[in-house]
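Here is the structure we will look at.
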Amino acid sequence: MEKIISIKNLNYTYPEAKQEAIKNVSLDIYKNEWISIVGKNGSGKSTLTKLIDGLIEASSGTIEVDGQIINEENIWEARTKIGIIFQNPDHQFVGATVEDDVAFGLENQGMPKEQMVKEVDRALKLVKMSDFKRRDPQSLSGGQKQRVAIAGVLATKPQIVIMDESTSMLDPEGRQTVLNLIQDLRKKQDLTIISITHDISETELSQRIVVLNDGQIVQDDKPVNIYNMGTHLSKYGLEEPFSSELMSTLRDSIKLPEGYLNEEELMEQLWKLRLNM
Amino acid sequence: VVSVQEITWMALLIALQMVLGKLSIGSNTLKVGFSFIAIGLLGYYFGPFKAAVANVLADIISHTVMATGGSFFLGFTFSALVAGVIYGYMLYNHKVTVLRTFITVLLITVIVNTGLNTLWIHMMTNLPYVTLLVPRLTKEAFSLVYQTGLLFIVLRWIDNSKFNKIGQ
Amino acid sequence: MEITFEHVTHSYDANSPLANLGLNDVSLTIADKKFTAIVGQTGSGKSTLVRHINALLKPTSGTINVGGRVIDSETNNKNLKSLRKKVGMVFQFPESQLFEETVEKDIMFGPMNFGFDASDAKKAANEMIQLVGLDESYLDKSPFDLSGGQMRRVAIAGVLASRPETIILDEPTAGLDPVGRHEIMELFKELQNQGRTIILITHNMDDVANYADEMAVMNQGKLVAQGLPSVVFNNQQLIKDDLLTLPKSAQFAQALSQKGFKFEKLPITIDELGTEIKQQVN
Amino acid sequence: IMGRYLPGDSLIYQLDPRGKFLLTFYFVGIVFLANNVASYAFLMAFVLFAVYLSKISFSFFIKGLRPIIWLILFTVILQLFFTPSDHPLWHWGFLTLSKEGMVIAAYIFIRFVLIIFISTLLTLTTTPIEISDSIESILKPLKKVNFPVTQVALMLSIALRFVPLLVDETTKIMDAQRARGVDFGEGGLIKRIKSFVPILIPLFVSSFSIAYDLAIAMESRGYKDGEGRSKYRVLSWSKRDNVTVLFMAVVTIILLFIRSY
């Protein structure tokens, strides 16, 4: 597998803060991977995003994006490879209308008008928001705003999309559409997805979960192994997955296999037990 | 050069000015508005030059967009410029005190509100100065007091908080 | 304090041709000292509904009776303090209402407005900051130096400090991490146990199943269902019409029943689900 | 609150917003040249013609007068009774009613109506973003003296985009403070004014955090310093606009003629 981001011994302390927000973090992220970074509020998740995009500068350590160690000179080039969807849909909408907002990143690149029109249309189609082209942001729902934000990011054809708690302010319906969309786009557009979240149910779609606690990586593993931690997850401010919680309620009187089962597997297991009665 | 943080913060203060302009209490004869606070903040953060430019733009855009009547008269735009300069000159990089706030508001009241704005209305209506000035005086005297009070409360609050510098 | 809505209609921009109905002929009783959840899609009228209880909005027609106090379209804007003192309201993202220089002053703000004397307000601040899970040392800090989750707690303390009998919560846990969410929900349950009426607007059906005694479902300004969560979540029509989603346990049970399990009634909490499965498997 | 743009597609809508914007200012200027019945009547005819071309119901223009109707009445009444005259029709203390006063009052009244109708026409047919684009275009020459025109334009469009959001935020904060026992309509004026502090500070904090987040989001989307940007929105000046300018020139000449006649 080809590395797209490689972080080595990264440290960061906010100005005037006593404690380090990021402590000696090393992490490799691979092409087309969907990786989840989880942890409670204040664990350093969002700080890590800002470091990767060069929006803040690390105290020490290096970040390599697509084979290049980022520094002040090449940061703008690195940024074209990374798109971020932020938490608050209202605070990232620059344009006065949907199409204006999607065009913003392209304008920054100095793309000629004719080409921009095509790219804006393409991006809006990808997120199924073409009908809303001329609408103003205030008339959209939170989920729709985030879809426009995704279009704005996709318009500039990044390789990496960082979802920085981008669904945490949405209602369940909006959250679901955004997650489905990202899953779909990852395949079609060959994207690497870094999803930062504290909602364990959102990590189900990812291939790898990194758990951050107090600015340090405490776990880096496949979802199954992370979910297997069960109630221990609450140490890191996370919820136990539903199937794991159900299994612990059932274990006192039903014999279930060791380790984590997802909901589908658990159902199979329970059905078998029922048939054997 | 203007930084990204400066652009967004100026933009939000211009937006805030338009929103506060819609917020008012009191009757038609003694209307109390709040948009002066946003202009004061433009001055506080950006100094005379930038505040003047921002305030002129805010004036043009808000009057055009909101269609608040006869303000297409360029004189009022000049008033906005002068107000921006005064707020910026008086409040930028200075410790906020009651006296300083009072003098700022006094300058605005005398030069802009009673001086320039009366002149523009005179030019628009041909009414003599005195006729225009006399009914304004009580209103201006009153607004001198409340604007000083409110501006001081807000500015001192900002000065003592982490919001006293932009971009962090 | 019992709260009843009788044929309440609220139209926004009543005088314009574009008048849209925020509430359409809603009749509803919210029982005293119960935990009532109000659910429905974004824009269904949940927030409009609860804003009538402390007269932030007034009905275009119909009446609301809040423990004997009647609110209708004629209700005067003055003298609402006694009502608002009794009905506390935690808005969505309540941290945006903070403004004082210290946490203590901010928590005291409500009580002082409602006529507490300074020492009582101070006492309330001291008590409430601990109730929301922060210690006294926070009282002297600026609320703007706290983390988002802590600010949320301070804002909630500020509402509780006036010691309201009824507490309205408009998605109070939105954006919090799971641990924070759980703690805050437990706090509200505790407040109910102390004898308060709790009204919760939420999108989280597991919270409804775990905490609420009663629930109401709104859609397009209308009340479409009301009753015990165990009954309402078993209303197949609501699920079919996409007006209601199920708690995780009920979803799991529903999937199991497609495999061949039989549930007379869908279990809505994980304990109920566990009990049912144990009975059917063993 | 966000302006009063009324969607439509009549000729006035199709004009280039820069032209409309500048001509509106220009017209407000030449209104002051009118000095007799004929010139006022001529300008009124011009404005009514423009209103007719817009195909917008006349009632919208009447509504445009409403916000400053008190100022207009105040001025008209002052003119009516305070205009000095050698041949007063009626006289009492300071008050003088004369033919000259009546004429001047009528002129001032028409002057206000002209200015308001023409500016209402601009706002009804031009979107806020078109106006901000026009301002950018008009400021362009200032680039030569290193005035950051593109940054200023971006700033204006951001300001316009955030007005509705801040209006919502204001309502929300007011509701939250009302629920905490603030009464905005009660008490003496000083108390009322003080009651706005709990709105102003949160509104300020909220704007501050929007500005901060937005700047980060803009940088992450490749916004550097405004240089080398292209524009998605392009205004186009057409023949129609030339004709309009020419028409306005003719109007001015006729006005000058009537004026000195």
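To keep things simple, chains are lettered A, B, C and D as they appear, and every chain counts its residues starting from 1.
Note that a contact is a pair of C-beta atoms (placed from the backbone, for glycine too) under 8 Å apart; a residue touches a chain by one contact, two chains touch by 3 or more.
As the structure is a computational prediction, the values presented were derived from the model and not from experiment.
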B-C or B-D - the one linked by more C-beta pairs in contact: B-D
Calculate how many whole Å lie between the centre of chain B and the centre of chain D, each centre taken as the average of the chain's C-alpha atoms. 18
Let me have the rounded angstrom distance from the C-alpha centre of chain B over to the C-alpha centre of chain C, please. 41
Give, as an integer number of Å, the spacing between the C-alpha centres of chain B and chain A. 44
Round to the nearest whole Å and give the separation of the Cα centres of chain A and chain C. 30
Could you say which residues in chain B touch two or more other chains, in rising order? 157, 163, 168
Which residues does chain A have that touch at least 2 chains other than itself? none
If you look at chain D, which of its residues touch at least two other chains? 128, 158, 160, 185, 197, 201, 205, 210, 214, 218-219, 223
Pairs of chains in contact (touch as defined earlier), listed by label: A-C, A-D, B-C, B-D, C-D
Chain C residues within the chain B interface of the complex: 101, 142, 144-145
Chain B-touching residues of chain D, taken from the complex the two chains share: 1-4, 21, 24-25, 28-29, 32, 64-65, 67-68, 70-71, 75, 78-79, 82, 104, 108, 111-112, 115-116, 118-120, 122-123, 126, 128, 131-132, 135, 148, 151-152, 154-156, 158-160, 162-163, 166-167, 170, 184-185, 189-190, 192-194, 196-197, 199-201, 203-205, 207-208, 210-212, 214-215, 218-219, 223, 225-226
Considering the complex alone, what residue numbers of chain C touch chain D? 51, 54, 56, 77-78, 80-81, 84-85, 87-89, 91, 94, 96-99, 109-110, 113-114, 144, 158-159, 162
In the complex, chain B residues that touch chain D: 1-2, 4-5, 7-16, 18-20, 22-23, 25-26, 28, 30, 32, 34, 37, 41, 53-54, 57-58, 60-61, 64-70, 72-74, 123-128, 131, 146, 149-150, 153-154, 157-158, 163, 166-168
Chain A residues touching chain D in their complex are 50, 53, 55, 76, 79-80, 82-84, 86, 88, 90-97, 99-100, 103-113, 116-117, 120, 136-138, 152-153, 156
